[in-house]
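You will see subunit A twice below: alongside subunit B first, and alongside subunit C after that.
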Partner chain A sequence: MGLILAFLLFATGCIHHFRGGGSIWAPMLVQWQDVKQKKLVKGTLGFIWHGVTLWFIGMTGLALYAYVTPHIAQGIYLSLAIQNLSFAIIASLYGKLVYGRFLASPQWLFFWPIAVAAFVAYSGAM
Partner chain B sequence: MNVWGLLTGGLILAAAYIHHGLGTRKIWLPALAKLDEAQVSQRIKATLGFMWHGITLWSIVMGLMAIYAVFTQNSAPEFAKAFYLSICLLNTPFAIVATLYGKLVYDKFRASPQWLLFWPISFTSFLAFISV
Partner chain C sequence: MKSKWNLAAFTVMALTVVAHAFGGGPEIWLPVYESSLPQVVRISMGLVWHGLTVLFIIMAALSLAAYLRPKLSLGINLSLAPINLGFGGVALIYGFVSTGGVLVLPQWILFLPMAVFTFMALKAMQKSEA
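Moving on to the complex of A and B:
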């Protein structure tokens, strides 16, 4: 399960960077060029977007590390489960509550499987 | 008691407060207004919005994990180590990107000044990790 978790994390990082970059971030930047915006705002959202890519790579590395170091694996899996769960909850609620559509922020489709896989890996490492 | 762990937890909770309180007012709400003005799609706004608010909850969760690790360090040192390592490794990517992005893209380190929050968190969590 630890390997499946690592794969899910890596795949989500790739989807975020390539697919999300092409269909969400790049179009937003293009449309944003027409309006005046502070560098602080653009710099902050940009660093968050690209930071999340690197964050997924970091989590993939952690999941792989947990796979080869059983004595610390449980804590790492639990930590990954809790951290991804927070994003899964917000992604599920935000699109529905703010825009009336669960698919407005469809990223819960990635975060729930990751959170569940991490929890199963945690249970399996006991 | 692991003072570095406690400091890590305090820093992360402070960062969550700054992100949600100050950041939402100064960054997210003006950004949202401009996104509406530029008539970007719901999916783009919802994606950025969930990321913004997700980071608040993520920070709160990390802060609580760090504090939990402080008080369970003696009974479960493996968990404490794993939590600090995870916090360190997952804040460092944001610290690196925040440092580089503002400078490389907008030629101003202060275009993405959040590295001022992420580097201390990475540093203190590493110290907490090695002192378990």
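Moving on to the complex of A and C:
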């Protein structure tokens, strides 16, 4: 399960970086270049966007590490499960509550399988 | 063994939550929410923004859990240290590259100590198990 989890995390990270980079982050950059905006705003948005990319890479590495070191895997899987569960819940609710439809923020389609896989891995490591 | 480094990490992460939600919310997120950007862009950035708010709360809770449940401490600290190092590193490097200074994006001031504290908790746990 650790390997499946690592694959899901890596795939989601690639989608965030390559697909989201073109369709989400690039328009953001264009928007702020046209508007006189404080450096802090532009920089922080870039920081959180690229930080999430790195977060996925880090979680992929951790899932792989947990797979090869079973004696400490439980804590790692628990940590990954809860972190991704938080994004799964936010993605599920945000689109519905703010924009009126669940598929407005379809990222929950990625985060729920990751969170479930991490919980299954956590249960298996107990 | 309970490590006080985890309590230090919890404190820093709680500060990060407050700074992100109450400082960054009005100053960073609101201009994006109220902008003329396409809806899909605003939704995705909103998800990233609010998702990180909850993630920081979760990381604070995990630091507390690592303090209270030493059995899970090793794995939790091992997962928190590189993630915070990554966030801190991105803030420092991206800030320098995009603005030419390291203080325009000051987020590393919170994330790098968080990485250090969780790493110290990790070392303390390894030492007690040896």
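As a working rule, the second predicted complex is superposed on the first by the 126 of 126 C-alpha atoms of A that agree within 3 Å, B and C clash if a C-alpha of one lies under 4 Å from a C-alpha of the other, contacts with A are read in each partner's own complex, and residues count from 1 in each chain.
One rule holds for everything that comes next: a residue touches a chain if its C-beta (ideal position, glycine included) is under 8 Å from a C-beta of that chain, and two chains touch if they have at least 3 such contacts.
Owing to the predicted nature of the structure, the values given are computational and were not obtained by experimental measurement.
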item	value
Partners on subunit A (subunit B, subunit C) - clash or fit	clash
Touched partner set for A:G22, first subunit B, second subunit C, both or neither	neither
Touching partner for A:P70 - first (subunit B), second (subunit C), both, neither	neither
Partner chain in contact with A:I89 - subunit B first, subunit C second, else both or neither	both
Touched partner set for A:G51, first subunit B, second subunit C, both or neither	both
Which of subunit B and subunit C A:Q107 touches, first, second, both or neither	both
Subunit B versus subunit C as contact partner of A:V41, first or second or both or neither	both
Interface residues of subunit A shared between complexes with subunit B and subunit C	20, 24, 27-28, 31, 35, 37, 39-52, 54-55, 57-59, 61-62, 66, 72-76, 78-80, 82-83, 86-87, 89-91, 94-95, 98-99, 104-105, 107
Subunit A to subunit C touching residues, read off their complex	20, 23-24, 27-28, 31, 35, 37, 39-52, 54-55, 57-59, 61-62, 65-66, 72-80, 82-83, 86-87, 89-91, 94-95, 98-99, 104-105, 107
In the complex, subunit A residues that touch subunit B	20, 24, 27-28, 31-32, 34-52, 54-55, 57-59, 61-62, 66, 71-76, 78-80, 82-83, 85-87, 89-91, 94-95, 98-99, 101, 103-107
Subunit C residues within the subunit A interface of the complex	24, 27-28, 31-32, 35-41, 43-52, 54-55, 57-59, 61-62, 66, 71-80, 82-83, 86-87, 89-91, 94-95, 98-99, 104-105, 107
Residues of subunit B that touch subunit A when the two form their complex	23, 26-27, 30-31, 34-35, 37-55, 57-58, 60-62, 65, 76, 78-83, 85-87, 89-90, 92-94, 96-98, 101-102, 105-106, 108, 110-114
